[in-house]
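You will see subunit A twice below: alongside subunit B first, and alongside subunit C after that.
Now for the complex of A and B:
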């Protein structure tokens, strides 16, 4: 008796869900090329791949959001055509998206009610919601409004909403991307339990350690094709990464003997009220960052990182000039252009629409931040040759791949655009670089180039402030790591002392001192 | 089979150039149907509209005369629209410019004032147009009031103000009670370019404005600022550009250009201040701006084309008794098609055939 699963557990049964030769074509681009995948009951199945490998396309086809161009989907052995997500849900397929579809101003129960197709009364539904959330250890108060909730709690709403339909098969798209390590551990307990109940889970991730720990099977996609189906526990993280990338990943290395010099970016007790109702208030933030040093700021998204970036860059001004000091000059009241002239450079989280104007050419986007201090403007006139030179130099130095010399920003892939943006700022030779989520949604190759560039910049004497939700990234490049929670910034820890446990506690809002004090008191 | 609209990876420059032509073609087809319904021969009507005006020198000059205010106003409007500032009130700024410039002409009437009169009229008209445009701009920046509504409402204020002046304080005593000022003195009149013709100095000024706008938008950092604020507001703020300052600036510039166009019209082809000096130039210029793709050279061409429709409309009325209002219908349909065709710059049509490989139901 033969079957295709590597561990041979399922002989004689039919898979819960099967995709056979699944193909999805967008114009000339093959997003999915003849993908086969078998998903069995009582299985946590990882879907691995870099950005753009075709994971989302495959999942959307299985959830009925898009129609495949060719190939077949079988549900419990029977070929099906899904007309849409509601049909998928009716058959027992549930999905939790990476980006939540919740209304901030509605309550938990109202949000869940909007997502359900059922006919039960709001009261019955609320009762069932409370019961489901209790059963699975996902505590939720149905009467609270969503904007008051943390990201982890918001994700719980999505999971509970999916579970209320009693799915046989649940798809989770990068569920731990927004969670603290402790919250992720709690999620894994829930997933193990769902598995024990006989459900199947398709778990999309690029965190390899997590996959090795949790998943029974892994299907790896690269460039729209299936590369392998394997047992992740029998593989190493390195071998999984090789399959994802199709080669060795360049290792990032810090230069030995990096010297720290004088403070180049200082934040003195910065407090700032948010400019919109759901923003975060910054409270008493102090930072001292010397030349040659990289400070990492960790934290769950939405804890004030965006507000801090705006305050540091000058997109929002502080009343007291002394709260932000760049190169020894009080700059809290200065515009972003003036701060650039002092030698600061900034890379925001959002590439399209914030870091670049999507429908403008790269040379114009070079001018966007270069007009202040890079000799691109003379007497109000643009030196087009100088802007093009920046594009060429960034292309060469940071291996930006593009179809022509000066395309629109929106036509570049995420990784290449990010390399251009980081390159554009680094070529200005900044004294201070403030960068937010430098490798978010970027493929592993580009991520390595960008991290190396940040390290090299610090080696050259610049002060670098990196905000990231990726703790591995911060561990790789930062000298010290501080954590943002509810608009406050913790004392930085040396990276060698910043264990995942300690960072996780800080990300969840606990103070290390208090815990230690409590331990001491008990002892 | 299914027709879907699909996003292009990059904007199509070919379509960007061809789209106004497609729009004009579709407009002509629609108008032919309309002429047929009115019981007129569409071919003859189209000839009267588009060909006849191009065949004699009087009409050709008249096209340039009509295009002058359209182009000047549309250039100013294009700066606003590129910066995401929606000035709909150019008609009012045009009228206020005409009134302010006329004030000097009326006050110096018959005093043998020197050659300074006409330049002073131009300057005052531009300043007045700019100040009038700043009212909606400041309301927008300070209070968040919709500039679309406020600038439009101020058109009627300007219209009635002009009406009051020419019926009251500025009425020509020898004018048989008609609501008009006296004919302006020669020093307060825009000189013609060809002896005995209608083409005047304003046409040269309009060309200079087009050239200046082309340099501003294509070569200067201020022009880049205007484009980036409109195209990607958040990126513009990150670049250090202030959107509110640009609203003020672009409204002021477009108000000044509309005001200047106003006084040139009054001191040029009209020769005195009276109600009805504009057949809706300020509104037609909105069509000119979009038909010209908010590009200075495009606006020059579009301005000439719409001027042609004004002249053609008059000829069609005389020759074929087609009501003059049909011209406005024509312009409205044209704007509609221009905006619709613009979606093809970023999107393309694609025929999709359903795949038959997937079997339905249990197999």
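Now for the complex of A and C:
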């Protein structure tokens, strides 16, 4: 199974790009430990691994953003040292970043120009931009400013920018993380075409099914080392996951026959204007969530999920108290603390800065959400012992790994901090839990723990609302799934009926009962 | 008639140092750096500019001394905020305090001295045209230079690739770095340009506005220049309008006091600032999205290597 690269195919040729013993050290930490990788022309090569496995570091070294501490990079057989990304681009290495490297207040054309060497005039460049975007079916208006564009359009800019340099080798860092399934399919068509043109692609993704479908070779990293190079089509998603994690992933199991009880969280026709220029207006959102039930909210980021979270948590108040009802009490006008006292708990998407104060200790962070209703404050004074007990309990129950008993929040890894935050709220034994992106950027092991905790909480009778962009996650834990698009929430579908196709259509703004929907499905 | 001409001339003279200093700060801020030390760099430019001119008898050398002084001050700022990633606001304020003190020391020996101020343009016929002749064709070189400078800056920012890269650094330094642009180097140049302009603007005061040096003679003009950049919403065209508006209000309130208008002088002095607040409110209401300020303004950037 290991190192089963189809080497026979390439005998007598040299790879397009080769990393040999590539090592990158940050202080004592080995981000990359003697990694070897061969990239061939006409190949889509997957790079797999959990967060912190060293994928980004490897890619940054290949793109010239960081200098390796040891090892060498060969381009078409020749050893090279890349002084920076412009040199990588000049050699024919292009990159599409996961967090787009775009400039919001500049136009599309200006953004593209910044990614090129600037040898042609702006006018010629603009003309070529329109031509390239037409050739590859990636429509773009060069004169618009980036902040006006959707996530999918922004990614198109990145791809067109990379393609305009006519790269021999293109690196894509989790390109489908922000796309609807349909948008992802369109991207795959473009990638197949690039491959057919003889280019090589290094494709970083967490989505194993996608990798199996698209990629010819996969290199798997774990803890900064290469574990294997294999043919993903000959593997199963489970065997790939095992190599990534280095063991079995605990399977999440729902208790059979979960009972739903009374409605615990009700949203009645909630409409809310955005409070900043880039925000989304919430339009007529209605939700009824019973105890014992998990409702999933899917949708491409930026369609009003953040605004809905703010309205539910009390970060933004509704004019009409009756629009948000928690445990039978109209709470639309109530502050976060008052809502917590009613039995609600909230886990925002952003871990550092929203879910926790990064430079405060865990015990202090426990107090920040627990002061209202968890007996951590006595006669106006903080009960330090109680806050520390919460930290210990969360640590124990949810397997939070940390260097000392009560470290600063920022010192924990993403997965461990998320386990702490979710644990902190669940230990309060809430009646209603609203959680946004519970496992975003969390490794598979921690994700399984968190999902299991959410399921157990619902089994215990709580109502759980989960917002996620990960459809697999929602399918795994939610009873019903609704989709947010442009500030509106679709009717929820039972999870058994919510196929990827149906959800994808809803995520793209089509409604299921319309003729266009059928048309879009055929197209 | 003569009074109108005199007022216009006075407005131009009062506006020029504001325009030059604000132009420099506009470029600095467009690269994403907030340098609140304009006042300090200006007063150093004033002291060193006067010293240079008095010692050599040359206005040009005086102006160059002002530019060098402002640039050196800005280099201190660049070293702190870009090299050592210190907070920009605190460093800028410290720079002003340093400049005010140091300029007093340097200029102490020159207080009470006089020089011949910068010559005004004098063309045979054109300058004699009534009303507009002296306004258009009888200014000193600083006035013409300031206008050429702002046009050049506009052209640089919007018509050259280097200007695009500079704006990109101010909008998102992480992206600019990821694309391989040397963010810190670009910002250092932008800060130095800001310092050079502030130094020149400061030197204008003892070299052309009043032909002598007194400590603290910038009298808050550096702060007005900072406000002007915000007023202009970081656009060169609006900066010119704003600078002359500020200059006009400053001069008019002096005349208004002379004419005995029954408004407290403090209120008149506050007018330019009131105008800034009103314009900012109107601008933020008019624009529906995107940001008017450079998005990365004032934030520290440490590249990972």
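Please note the rule applied: the second predicted complex is superposed on the first by the 508 of 523 C-alpha atoms of A that agree within 3 Å, B and C clash if a C-alpha of one lies under 4 Å from a C-alpha of the other, contacts with A are read in each partner's own complex, and residues count from 1 in each chain.
Quick note on the criterion: contacts are C-beta pairs under 8 Å (C-beta built on N, C-alpha and C of every residue); 3 or more make two chains touch, one makes a residue touch a chain.
Computed from a prediction, not measured in an experiment: that's the story for all the values here.
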| item | value |
| --- | --- |
| Contacts of A:65 with subunit B and subunit C, given as first, second, both or neither | second |
| First, second, both or neither for A:405, with subunit B first and subunit C second | neither |
| Touched partner set for A:104, first subunit B, second subunit C, both or neither | second |
| Partner chain in contact with A:134 - subunit B first, subunit C second, else both or neither | neither |
| Contacts of A:113 with subunit B and subunit C, given as first, second, both or neither | second |
| Which superposed partner A:213 touches (first subunit B, second subunit C, both, neither) | neither |
| Which superposed partner A:79 touches (first subunit B, second subunit C, both, neither) | first |
| Shared contact residues on subunit A - subunit B and subunit C | 67 |
| Of all residues in subunit A, those that touch subunit B in their complex | 27, 67-72, 78-79, 81, 313-315, 335-337, 340, 346, 348, 350, 353-360, 364-365, 367-369, 371-372, 377, 380-382, 407-408, 410-411 |
| Parts of subunit B lying in touch with subunit A, wherever the complex brings them together | 6, 9-11, 219-222, 224, 227-228, 231-232, 234-240, 350, 355, 357-363 |
| Subunit A residues touching subunit C - in the complex, by the definition given at the top | 64-67, 84-86, 89, 97, 99-106, 110, 113-115, 118, 145, 147-148, 277-278 |
| Interface residues, subunit C side, partner subunit A - complex | 161, 164-165, 167-168, 171-172, 174-176, 178-181, 287-291, 294-295, 304-305 |
